[in-house]
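Letters A, B, C, D and E mark the chains in the order given here, with residues in each chain numbered from 1 onward.
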Amino acid sequence: MLLSAVTIATDIEVAQTIGFGIIAAMMIAGALNVVISKNVVHAALSLVMVMAGASAQYLLLAAEFVAVTQVLVYIGAVMVLFLFGVMLTRAKLGRDTDLNNEKGWMLALPIALLLLGVMSFVLIKGFDDTRISGSGEGKIGGAANVLLSDRIFSTYALPFWALSFVLLAAVIGGIVLARKD
Amino acid sequence: MGWFLEHAWLIPAIPGAAFALIILIGKRMPRGGSEIGIASMLAALVLSAGAAYQWIEHVNSSDGEAEAVLNRWEWFRIGDLKVSIGSHLDGLAVMMLLLVAFISTLVQIYSTEYVRGDRRYTHYFASITLFSAGMLVMVLAPNMVQLLLGWEIMGLCSFLLIGHWWEERVNSEAALKAFWTVRVGDMGLLVGIAMLLSIFHTLEIGEINEAAASGDFDSKRLLMWAAVALFIACIGKSGQFPLHTWLPDAMAGPTPVSSLLHSSTMVVGGVFLVARLYPVFHVGLDMNILGQHFNLIAVIGGITVLIAAGLAFVQNDIKRVLAYSTVSQLGYMMMGLGVGAWTAAVFHIFTHAFFKCCLFLCAGSVAHTGSHHSFDMKKDMGGLRKSMPITFAAWIASTLALCGIPFVSGFFSKDEIIDSAKHNDYKVFYLVGIIGAFMTTAYMTRATYLTFFGKARGAAAHFVHELEHEHKTTHDSPWPITVPLVILGLLAIFSGYLNAAPFKWHWFERWTESAIGLPLGEGIFALPHPPEFSWTSAAPGLVLVAAGFAVSLLLCRAVFGSETSPLRGLTERNIALRAGHKFLVNKYYLDALYEKVIVHGIAYPISRAAYWTNQHIIDAVVNTVGKAGRRTGDLVYKYIDQLLVDGAVNGSGTTARGAGGALQPVQSGKVNMYGALLFGAAAVGGLVLVLVNS
Amino acid sequence: MLINEFLLLGAVLFCIGVYGVIARKNAVLVLMSIELILNSVNINLLAFDRLNGGNDGAVFALYIIAVAAAEVGVGLAMVLLIFRNRKTISLDDLSEMKG
Amino acid sequence: MEPIQDLQWLLSLGTFLPLVGVLLMLFVPKKDVDTAKTIAVGTALATLAVGVYTALKFDYGQSERLQFFTSNSWIKPIRATYTIGLDGISLPLYLLSMVITVVVMIYSWNHVPPPGNTKAFFILMLVLQTGMAGTFMAQDLILFFVFFELVLLPMYFMIGVWGGDNRQYASLKFFLYTMFGSALMLVGFIALFVVTKNNASDPAAANFSFQWFNENGPDVARNTAVWIFAGLFIGFAVKVPMFPFHTWLPDAHTEAPTQGSVILAAILLKLGTYGFVRIAIPFLPQAAVKWAPAIAVLAVIGIIYGALGCLAQTDMKRLIAFSSVAHMGFVMLGISTLTDLGINAALFGMVAHGLITGMLFFIAGSVKERYHTLQISQLSGMLKQMPRMGWIFGFCAMASLGLPGLAGFWGEFPALLSAWSPAQVLVSNGHLDLFRILTTISALGTVLAAGYLLWLFQRTAMGEPAAISVGSAGHDSHDIHDVNAFEWAAWTPLLIAIVVLGIVPKLLLDLSDPGVQLITEVFRK
Amino acid sequence: MLAFSSPVIDYHALAPELVLSAGLCVVLLVDLFVPDHRRWITGTLTGLFLLGALVPVVTLAVIGDDVRSSLSGEGVTGRYVVDNFALVLKALFLLTGYIVVLLSAHEIEEGHYQGEFYVLLLSSVLGMVMMASARDLVSLFIALEFLSIPAYMMAAWKKRDRKSNEAGVKYYLLGVFASAVMLYGMSLLYGVAGSTLLTDIGKSVTLKGDRVGVQVLGVVFVIVGFAFKVSAVPFHTWAPDTYEGAPTPVTAFLSVGSKAAGFVGLVVLVYLAFPQARDVYRPFLWVMAALTMTIGNLIALKQTNIVRMLAYSSVSQGGFILMPLAMAFTNGAQETSLRAVIVYLIIYAATNLGAFAIVIAVSRKTRSGEITSFGGLFQYAPGLTVLMTVFLASLAGIPPLGGWYGKFAAFRAVLDAAGGWGYTIAIVGAVNAVIATAYYVNVMREMWMKPVPDSDVTPIKVYGSVQAALVICGVATLVLGVLPGLIAKVGAITDLATGP
């Protein structure tokens, strides 16, 4: 809402970029904390930060419905699940030295860096200075959401219908597996 | 052309059928199948005689060269190659037919007595009948395939008959040795036939001979190799040096077998083959080395004559003496063929068959009646001339023939070979021939002396003693034995007159000559005409024969007979020194003495050495080759097959399993590892493909 | 704005997630790392959506969010299951079967 | 060459009749052994009767043409057809498979090896029969392949279940070897099809029938053909077996029950050589020319090597098994000459080897049954204890070593003749000397054959019976009895065939020659 | 405001899915009200619905000879297409599901959560059925998750069994990793093409221009996702562990249904989305095929547990299916390749399900998964032995059992493609076919030639449902081997091959 209200102008891009930069830095920091933190709860909270940041980025990308859904589903539901998971498995709430594989980083780091190298290489080469069109016309506000919902209920109706069954199955199965008997 | 000539195929067919009959019902026949065999042989004999008669008529009616009588049916055909089966009758074939049928008949009659009561009486007659069939098939062969058929059937029967008493290992060993050695030669026959086919594009003997004689072939070199290959087969079959060692061992078989197969008929198969394909050998093996024009056949034949004759001196076993003698005589035949005396060689086949067969049968008769189945001349014989007069007479007649005493059959054939060698410029072989004659006489004299003269020893002494006990002076073998002996003895004396050069009687030559296939006298591959007989050229040979007789007799008397001889004195002294007359009686000491005489004697060192060479080098080579083959088999099997080839296969299996094992650590069970693998593979795959594609 | 800003952010998040799933032993933390990856995908999709127009990317992203929720549910149910059976949620211990 | 299309049902009947027997037997309770045996033998006899009827109806004047021919669609999408037919080349083998099955079944009547389970044993034999007969009548590569492989499993079980002590290893080896060969062979088949299809002017007409390959195979480019031939070569060479793919054979033969050995020797080995004659050489003549020297060399190595292997054996059955390597070497030598003479010899050799080695294995089986051992060193004097058995053994040994007048000779001798003067193409490629050297070496093989066979005969049959067999070594000598009725019934046909074929080789050669002429025509120029 | 135009739905085309989803609800509800001793009702119902769903598949095949789409008017280019290709596979999935139901009847812990199990099974089958028709990235993704998520849980269904837990978790985690990678790839593809429709992607992914790298990475990552599903090496690691730990019927289901679904996804992608990206997918799939066959086989040689052995065997069988796929679009081999993949899948399904059915039947008595526990099976269960032999021989590719035709078709396809790639992989395949035989034969040997390990030769009681499954699989294996023409004709599935 905040950013979508702003009229589009080239100088705004600067602000957007700055905003992006700040949020991105925050997200990366959070993400790193998720994977290296020694405290499970801290990791979970960092994940919240990443999620929120992502939501903000979605707004920057003029996808407000997704952004809202992100907040609702991830921060609202998934994170709660995670925290329940942490508690139900009686993980230590404080620091825990037993979260990582021994020498796990020695394997993980090269792979991650290799992937990063490959990905950034192709992305930079492929989308060198491609710009996202400044105009968010037709994408902002209620009209955009209508379009989105039209899409969901016409073109992507079948997957949507399937998705409901996926969730049903996940719930049924999850209950069976998780319940104590 | 004549019924008998047209139906000559019946001659082998009847014994063949008889063989089958004997196998099937022989055991149930009153005489164990022998009657079938004899009947079939008689039938074959009659048919052969008829064929011979008609052939002579045929020759007489055609002036000049008589065409061979061919009667063929297609056996099978593959593409252009047609192989027939049937009969190819010419002088050579007719002569062989008659010979084989005749001798077979006599030997079978002889055998009814000789092997009476044998546990495999029926088998014996089956085999010997089959042998005759095989030999007749070979003799009649119009092509190489049929010849090979007969050839191998003879080999089989030889194996069966040598090993007739297979309960004893020695006999079966001898049978195997015979078969293998001959088989080694047969390699040459197989390859040789293949070569002939590639040279002449046919397997018909008539056509091959014609083409070879007329020079109608592509490569003389190939023809030479073909002849060499075929000759290797002849060496094997006819016991020529260096494949002669099986023949003496083959004496392990019953004596009639030795007389039929291993002296008179089968072993001349090789000679027959050379005679049959004479143009091939004559043209192919005509070598010219260092300006000396000679034929390989003659070389081998000549070597065999001497080597075998030398060996015959040191044998104690009478059959072995005769066996070496056979080898030596076969050498003569080969030598005759080699020096170009085709008729003489073939004639020698003819006469030799009678007297050598007779000699063997005599030996058998002696063993059967006089020496209690022993063939050891020194141990179990001696002094039998009075008690077995018929046998003795036959023996003497045959021995005379073998030694080439004038006016007895052997003289006419052997002398012509020697004469031809001289006449055709084979000087060395002339010498070989007369030296051979000398040695022949010498060893035969020794054998005769040991068997029939002197004092009866061992089993013979026992036999003589029993006779005295029964107040009889003679006890010869029963009639089935003596009748053949008498017939053969007479033939040994008189058969030679069919081709008696001194009297200018050349019937045999006239009747058989058509089979040579080569022109006489002129043309590039022509044969020389046989020499005119003259007593002067025969004289050196005769002198040597006489000398051989004399020397040998003296030596024998010195060792075994005369009490006044200085050599005898030696033994006297030994007795005096050592104590007692036991020395005389005891065979062992006699043997020792005999050995000493041999060792210190003059004539013997060479043959001793030759025998040693034979036993320790040539025979050892044969045995070693056999052993080495087996050993090689062992090694190849053990190391190459089981370790290498099999190992490679099993190894690859093991490697596969090993590789599987090596890969298992990937499957560590750890999710993180799996994840790392998944992402890592995706990253690497992405990287590689991105790099490749951009 | 350059699209690469978002894409590279996505790439970085992706790789951090990958690092997490490999290096982490605690099952819950691995699940969290996966969420990082899924988020990076969403950022990508939305950036491309913005580039291409047509809302497909946004729809895709929404579905991914839904599926991710289902997956997390299932995942945590399984984590509880193994915790109940083994009293630990260390993935290291899940290696009874191997080879 | 237009095939003759009368009596189209006959071959299918002959091939699949055994399966009807199998179906019937499935309903027989396991306990009711006699009924099962009766059905099995009855089926085999009925099959043989069909075979004899086939032979009677065969037009011998036109043996180069396929007869009883029929062609139906089978697997349309891949253009495999159900094309069957017999000509003079396949008829003898087709019949031989039926005769051998009957004979083996009669022998099995009271010779089912441990662990028993007669019903299953007979079922396996019937299934084998279908596979064998089918292979020889198939006129389509895929059909051929299916039948070719059909024999694999029954034989595997026959060796593996009813075999000797080391049966599991042997059967597995047999199986894997054959699989290895047939996998590459299948690749070769398909490659051949694809290549011919792509070359053809009318690719839509392409199919897997032999006829198609006969017409289009020779046009394949030589280099490609050589590679495809390699695939086929390995497939067939393993089955033959040629050196160095032979090592499965001694093990399989040694461990197999008598019946298995007989079928293996008599028919299964022939599938490989038949494949060469029927498939590899006529379809890819240009590659055959390239490969012929290599095949010849391997064949001769096989001859010598097999013989040396025999000399080293201490086990009678293993010795006979090794002799197969040598004999099949002669067959392959004949084939490699690419001449009518050589290939005819090979075809004759196949039948002859089937009869003779089959007999030898029968004897080995009966000896084992009586003496409870096949160690040559423990056998002796068989002739004395069982004269008939001994002489039959001697007879077969003689036949095996290639004595003229018996069947074995006509496989070896013409092969040698042909090897000395191989096909004209080989001569013009400069292989004449090689072949001539090989001929000489292989002639040595005949000597070695005489060596090991007679040596075997001497050691086992001659001499006095060994102590072990006269009752002192823990079992009764009344085990040792001469040839019994079932054995006579089973063996007599084979023995007669060995003699008859030996004396009248024309019987087979006239059948096969016209077909062979067609195959070798191309090599004569 | 734009008016929402409701899509016109072709209910006939969607009927199989609808029947299944209805079945899902019905089973769920019925389960609530069925007393414990009547639990079999749920299983039977599930089976009936699976067969019921087959009815519209048949009618669609018979009536609708043209291509349909769920949303009328989209035709071939639709996002959800019902063509012959899809129908054949739908039928395969439904039958696979049915056989798994038959196998599950007595195997899933009796009385516990049977209803829920069947619901999950139905969902998973529904996901597969959708997969066969999915023609855009979103549908593919959803279908994949739809079939996977229930499968994760089914793998862990034996709740008290630590191995089963482990199997579920591993499967789940690896599955999520793989779908994460795949999603990233999909996002890239979407970014490049601007559309989620596979045919549009097919037009854009040309490996030309600046964004080659992005395209390549997208293709690779997407393939990785499906390679995981088909357990291609090196993405196979989960398979043995999961197969071993999961309840055996689930293992059968995973090794057949889930794998087939993965292949369907791969096929659709390769044929519709990547036809111009041959230089990327061919080497990638080629290497994977070679590795999959070889490594799967080599490790299988060492296995002592029958299920684990079958797991590796199924890994290597996957390699044989990948082989023709790698060579699609090489020298016009697309049609034979497609046919090879489908035929192979069908035959493999029949054979492998049969093998697992035997394992289920036998392990009820032996209570062991070791190969040695099959020792002497022939002595007390000759029928099972013969059937198992049939299945194993079919897996080994020995005529006249079905497997040979699958192998044949695969070889045929790669040789059709000709060239070095094709010939080389064919040789690799041929050699592997032999290695594979070794471990199949090992089991046969155990059954036929070894003694019974505990000398207990009481006959095995085989439940009726398992018997039925065995009969279906056995007959299918035999018939498909002798008359492969029956299914080779499903090669009218040229829709995909001729492509857009």
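The rule we apply is simple: a residue touches a chain if its C-beta (ideal position, glycine included) is under 8 Å from a C-beta of that chain, and two chains touch if they have at least 3 such contacts.
None of the values given here were measured: they were computed from a predicted structure.
Student: Shortest hop count from subunit B to subunit D along touching chains?
Tutor: Step count on the best path from subunit B to subunit D: 1.
Student: Note the shortest touch-path length, in steps, from subunit A to subunit E.
Tutor: Minimum number of steps from subunit A to subunit E: 1.
Student: When the mean CA coordinate of each chain is compared with the mean CA coordinate of the whole protein, which chain is closest?
Tutor: D
Student: Which chain's mean C-alpha position is the greatest distance from subunit E's?
Tutor: In terms of C-alpha centroids, the chain at the greatest distance from subunit E is B.
Student: Between what two chains do the most C-beta pairs come into contact?
Tutor: A-C
Student: Could you pull out the chain whose C-alpha mean position is farthest off from that of subunit A?
Tutor: B
Student: For subunit B and subunit C, let me know how many angstrom lie between their CA-based centres, rounded off.
Tutor: So the centroids are 97 Å from each other.
Student: State, to the nearest whole Å, the distance from the C-alpha centre of subunit D to the C-alpha centre of subunit E.
Tutor: 42
Student: Could you state the distance in Å from the CA-based centre of subunit A to that of subunit C?
Tutor: Taking the average C-alpha coordinate of subunit A and of subunit C, the gap between them is 9 Å.
Student: CA centre of subunit C versus CA centre of subunit D: separation in Å?
Tutor: Chain centroid spacing, subunit C to subunit D, equals 64 Å.
Student: Note the residues in subunit C that touch 2 or more other chains, in rising order.
Tutor: 7, 14, 17-18, 21-25, 27, 30, 47, 51, 53, 56, 59, 63, 67, 70-71, 74, 77-79, 81, 91-92, 94-99
Student: Scan subunit E for residues touching two or more other chains and write them down.
Tutor: 138, 141-142, 145, 149, 152-153, 156, 159, 168-170, 173, 177, 191, 212-213, 216-217, 240-241, 299, 302, 438, in rising order.
Student: Provide the list of subunit D residues touching at least two other chains, using ranges where the numbers run on.
Tutor: Expected reply: 176.
Student: Quick one: which chain pairs are touching?
Tutor: According to the stated criterion, the contacting chain pairs are A-B, A-C, A-E, B-C, B-D, B-E, C-E, D-E.
Student: Spell out the residues on subunit B that touch subunit C in their complex, using ranges where they run on.
Tutor: 664, 667-672, 675-676, 679
Student: Which of the residues in subunit B end up touching subunit E in this complex?
Tutor: Its residues touching subunit E are 653, 656-657, 659-661, 663-664, 666-667, 669, 671, 673-675, 677-679, 681-682, 685-686, 689-690, 692-694.
Student: Once bound in the complex, which stretches of subunit E touch subunit B?
Tutor: The touching residues are 169-170, 173-174, 177-178, 181, 207, 212-213, 216-217, 219-221, 224, 228, 234-235, 237-238, 240-241, 279-280, 283-284, 295, 297-302, 435, 438.
Student: Under the stated contact criterion, what part of subunit C meets subunit E in this complex?
Tutor: Touching subunit E: residues 7, 10, 14, 17, 21, 27, 30, 34, 37-38, 40-41, 44-45, 47-48, 51-54, 56-57, 59-60, 63-64, 67, 70-71, 74-75, 77-79, 81-82, 85-86, 91, 94-99 of subunit C.
Student: Which of the residues in subunit E end up touching subunit D in this complex?
Tutor: That would be residues 339, 378, 382, 389, 393, 396-400, 404-405, 407-409, 411-412, 415-416, 418, 423, 426-427, 429-431, 433-434, 437-438, 441-442, 444-445, 448-449, 483-485, 488-489, 491 of subunit E.
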